[in-house]
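Each structure below is given as structure tokens.
Next come two complexes, and both contain chain A; in the first it sits with chain B, in the second with chain C.
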Partner chain A sequence: MYLHVAWRQILFRRRQSLASIFSVALGVGLFIMMSSMQQGFEDDFTERVIAVTPHVQITAERLRPFPDMGKEQYDLTKVLHVQAFDKIEIINGATYLQNQLSTMEGVVAVGANYTGQGLISYGNREIAAIIHGIDPEKENQLNGFYGKLKFGGRNALYMTSNAIVIGSGVAKTFKSSVGDTLTVVTDIGYHELYRVVDIYQSGITAYDNKTVFVLLKNSKALFGVDGPNEINLKLKDPYQAEKVAAAVADMTGLNVKNWIAENANIRAELGRRKWINQFIVGTIFIVAAFGIANIMTMNVMNKRRDIAIMQAFGIGAGSIGKIYLLQGFILGLIGAFFGVIIGFGLNIGLENIPVSFNAQLTREGFPVAWSSRIFLEGYFMGLVISVAASFFPARKAAAILPAEVIRRG
Partner chain B sequence: MDKIMELQDVGKVLLAGGIDFTILSHINLTFYKGEYCAIVGNSGSGKSTLLYLLGALDHPSSGKIIIDGYDLTAMSSQELAKLRNEKIGFVFQFHYILPEFNALENVILPMMVAGKLSPKAQRERAETLLATLGLADRMQYYPSQLSGGQLQRVAIARALANEPLLVLADEPTGNLDSRNSEVVFNYFRKLNEEFGQTFIIVTHNTNFVKNCDRIITLEDGKVISDKMAGFCLQEGRSENQ
Partner chain C sequence: MNLSVYIGYRALRANYKTSLVLVASVTMTVAVILVMSSLLFGFRNEFIGKTVNSTAHVRITSEELDKYAQPALLFSDSDAGITEIQHIKPTQQYNKIRNSYLIMKELEITPGVIAISPTLATNVLIKYGSIIYPASVYGMLPDSEDKMTDLYSKAIAGRVQDLKTQDKGIVVGKIIAAKLGLELGNLVKLVVRDGSSFDFRVVAIVETGISSQDDSKLWVILKDAQILANQYNQITDIGVKLADYESAETYAESFAKKFGYKTESWQIANSNILSLLVIIFANIYFVLGGLLLAAAFGIYNVFSMSVIYRRRDLAIMQALGLTNGQISWGFFYQGITVGIIGGILGLLLGQLLIEYFSTLTFSQTGDNLLNARGFVMLKAWWLYVTCFFTGILLAVISASLPAYRAGTVDPVEVIREG
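Entry: the complex of A and B
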């Protein structure tokens, strides 16, 4: 009954209804676009960071003695004057540790690297580089190493005894490519010739400009070590990194990093931007709400006589209010529906705008997160705003005194 | 005769511009089932206000109104709405036909609110009413396609939709020419005679007043005469009070 009246009124005032629907749709569409873009940037960033940064990284730096060693082994209540070891270059018992870690809940891949610094020279050019000694298969499990190789040679690092994969930035600086031979000098003075077997591109320029990969076994020759100095973990849920890192640190007593903490600044910045976006979108919604409230109020004022007669033939004041709230709800439903479509279109548009972000990240077009959560949020926001905007007009309609209106004709 | 409505010492004061205006004072009236009654008086005498009070559209400032055993002054607005829907039919000077609905739907609406008949029965009743009022070929027309007289007849059909105990009309022919006025009055009389519904009609139309069973005259918010088919029920009483 109320629905019947509400719907007829909406149909009857086509132009005002369309205006209301349009304002809700625009609000919802922009909300979806802004949120998708925001989320897209965040996801894109996270994805790229995660792609080159291990979720959790155990380093060879010992922070404290093995936990509770004194208590457990010697039945002591307090351990005092703990003597720090000299700087440990490698993680002892890495294989055992890796086995242990791989059984941890939420850990999907474990890999050990040796990471050191060195100079790489080709012709008359030199680059200070980060040299990763890796196990390619493990590295691939950890962060899709193979996928980032330009020539896709899965066994490239095994093709020759001294094989090296260089970052795309390094290759660009050297103007070198696969087959060229580079000189690698490490910080402890060892130097060897390496042949370029593939080019690596993560998409993070800073990383691609100074990263090279060799086999873990080569790090013995380059750095004179006999084991890894990092153990990297990939987690099923990257956002559990902080929790897992804390647990691993507790277990090993080593310095354990996680990508969330390592990128806290940028993540905080992204969070701030999210707030700014929310404000902008909030403003759009408020404007839309005022538009709807305005149209509805005008409508109620124009409908005073009709409301009076509806009261006269038995629709109570409360029900009159409901009719107008229902109108807000229906307009919201329709508007939000079109808003979702608009949001969809805007997202597609954004993805295809030919803009490239070369400064930090290499990509074409805006990153857009296609999240059903954002679409649902947008839809419900539109609905809620629309109903909220019709609240005051509805109250106004309910407050109309029929005798007053009819007396005045 | 069955008593269907009683006004006990009813008064109405309206506040306008910070000043109290006494519209009605000390109204004591009783209406009976099947009465065909006119309320007359000069403009500003309180006729319409009295009618709105009778129709539970407005609250009295003092006194008591009892319709069919229900004390209006003690009812919630929701209860009053239900009472108006079930027991009272209104016809106003202006037709107040909802523009979003066609003639038939306008007549069906009060029945939908009541929810007592099936949709099919509601439709049939609305069709019968409109046909009785000579609008058989105009049922699907929208208000913008109907003339003033036709709209007023739709309004009458709507007022009668729920077979009200009481039909209240406020200058029902005020906007109609004499031919249409006559049509409306004839319908009223016919319905009154056929179905025994009580009609209380505020009007200036002297031809119409002559045909009424009872004529209540108001002046300055007081009943100055109440005559029933030649009898005088109440005359000059207001001066005595």
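Entry: the complex of A and C
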């Protein structure tokens, strides 16, 4: 019976009910769109970062560049003419370490690189690039190296003696392609020609603009070292990186980085954007709730006599309240349903908007995460908001005294 | 008091709780639009301001416009069978601006040009101890560069002017300095493209506020850069500062035509980021549009309900001799009043939120565009005015259809039906 009365009231003021339904739908739809996009950006970012960054990395870099011994140990006030410690760091016993690490729980792949800086020039153009000396097979296990090569030459780096794979941004700057010969210079004054054998594209603009790959043995000549300065780990679950990094640091006593900490600033930025979006969408929900509450209050005020009559027939105050709560519930149910449809449509629209994000990522269209959790969340938000909005009108309706209404007419 | 205004006022007061909720909807809508606009425009203006303040408005590069026309293509029509030329090797001769002295003289007398700065840019590796970092060196004349980008005032340690007196002095961007652990007076090594290296002494550390610059730029005097690049008495870029930075594109085009070198306006140089900003703006304003729509529906609903429930009152008013127009205006004034009060309260609430947002600081300077430590909020009068009128328009437009309908109630019919 409650349902019947509530439904009759909704149908009675059709246009107002439609408008209420529409505002709930709008809120739910926009909530779904914004959340999906936000999640999409986050997933996209994480995926790409994980694709180029080792989950855990042991580096030969010193923990702090130059510990100021004078200040710390001898209580001196000022140390003049600090001479920088100029020694190329490598990881000693890398092979042994790799064997040890590969048996660790949760570690899928281990590889050792030498990463250094070099100047690469082609004709009159030059780029300061990051040179990774890699073992292609291991690099592939670590982050799908072969899959990111444009021409897919698996053994390309082994084909000629001085082979180099360049990032797509580097290739664009040089206007060069496979077969061209570049000059590579490093800080030790090493100066050698390298032939381009393939082009690498990770999709992260900043990375592709200044990354090149050579074989680990070439990097030994380039930098005058006889060992790697990085050991990279791939984990089964990337989100365990912090824990594993701590364990590895404990075990080896070396400087260990993990991708979560290294990208904390970008994750913080993503978090801020999420917060701002929730702020706007939250306001939409509140305004929609105001609209519903207003309508129902006016309904109650104008139906004082009907309510009094119902009470006179013996329907209790609690039941009257329930009728109005039920109205809110029905409006929410329908509104949220349409909201889900709107959200669905908006998501599809977003995916197909032809925009490019080349400033950060090489991609077309907004990334959208299709997650049932977001849709469910949106649906329940819509429902909860409309029920909450009908709470005050319902209380007001229940508080009507039939005797008074009838006496005053 | 005008009769319509009086009617509107009485109607609002009679249902004061409903009126309050209406005002609250407008208030929240206005406040959120204000805060978001302040945030977005604040960020955009900060970025553009810092960019035009720390880079040249127009840069004349050393790339000759018709350099890459290949003779083989020039002297054969397409029927000859040459469709594509592969592996064009660029010349080993380094790019330079020829006849730069006369170009600069010409620029100096061009109206609208405030300052010019000849520079020579080259890529190097900067090395301190065992840490090496890629960077680009800008060789410049300190005084000209200061006129163009206000470089002297951007030093956070040391003095940029000391470049003129220090033998082989160098100025370092803030992020590079942090990464290498550099302090004033440290001796750094620069490795250049032929593999040779040079020692430079840090005389100042500079912060422009633009991440990409603080992360990659080194400044030395022009002569030193010419030695580093092995290009004596040559320059590769001329930076131009304009009186009106908005018109940089037109100037860039005219310079390109006049001098035959590729030119780049600051808009083009930052086009990636500017287009990203457009996307972010479109996105947020789309959602704010949704907010406006939801609020408009709420307000429309209330007014149209009250028209329906007060049909009898309206019919009586008409019977008493009020015109349709007077009744409609009564409702209209309600909308305007709600809009004005909501607008004012919205500005106040928005201002409070803006103040609050301005005090927030980030523990991580995560932005890859600006290395700011907090939100940069814009507080411009036009923003407040626009948001205020948005609030009024919102209420007035939502009230206008019910107001019109209130005027069209037929008294005879209402009285007959009861």
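Quick note on the criterion: the second predicted complex is superposed on the first by the 374 of 409 C-alpha atoms of A that agree within 3 Å, B and C clash if a C-alpha of one lies under 4 Å from a C-alpha of the other, contacts with A are read in each partner's own complex, and residues count from 1 in each chain.
As a working rule, a contact is a pair of C-beta atoms (placed from the backbone, for glycine too) under 8 Å apart; a residue touches a chain by one contact, two chains touch by 3 or more.
Computed from a predicted structure; not experimentally measured.
Once the two complexes are overlaid on the shared chain, A:Gly318 sits against chain B while remaining clear of chain C.
In the superposition on chain A, contact is made by A:Pro402 with chain B only, not with chain C.
When the two complexes are superposed, the chain touching more residues of chain A, out of chain B and chain C, is C.
Contacts of A:Glu126 after superposition: chain C is touched, whereas chain B is not reached. By the touch criterion defined above, A:Gly116 reaches chain C but does not reach chain B. In the superposed model, A:Asp306 makes contact with chain B only, not with chain C.
By the touch criterion defined above, A:Ser161 reaches neither chain B nor chain C.
Applying the stated contact rule after C-alpha superposition, one finds that A:Gln16 touches chain C and leaves chain B untouched.
The interface of chain A with chain B does not overlap its interface with chain C at any residue.
Taken together, the chain A residues at the contact with chain B in this complex read 1, 4-5, 8-9, 11-12, 305-306, 308-319, 401-403, 406-407, 409. For chain B in complex with chain A, the touching residues are 48-49, 52, 55, 57-58, 77-78, 80-82, 84-86, 89-90, 92-94, 96, 98-101, 109-110, 112-115, 158-159, 161-162, 170. Chain C makes touch with chain A in their complex at residues 15, 17-18, 21-22, 24-25, 28-29, 32, 36, 39, 86-95, 122-125, 127-136, 180-181, 185-187, 189, 191-197, 272-273, 275-276, 279, 283-284, 287-288, 290-291, 293-295, 297-302, 304-306, 308-309, 362-368.
The touching residues of chain A, counted against chain C in their complex, run 13, 15-16, 19-20, 22-23, 26-27, 29-30, 33-34, 37, 61-62, 64-66, 81-82, 84-89, 116-119, 121-130, 175, 177, 179-180, 183, 185-187, 189-191, 210, 264-269, 272, 276-277, 279-281, 283-284, 286-288, 290-295, 297-299, 301-302, 355-360.
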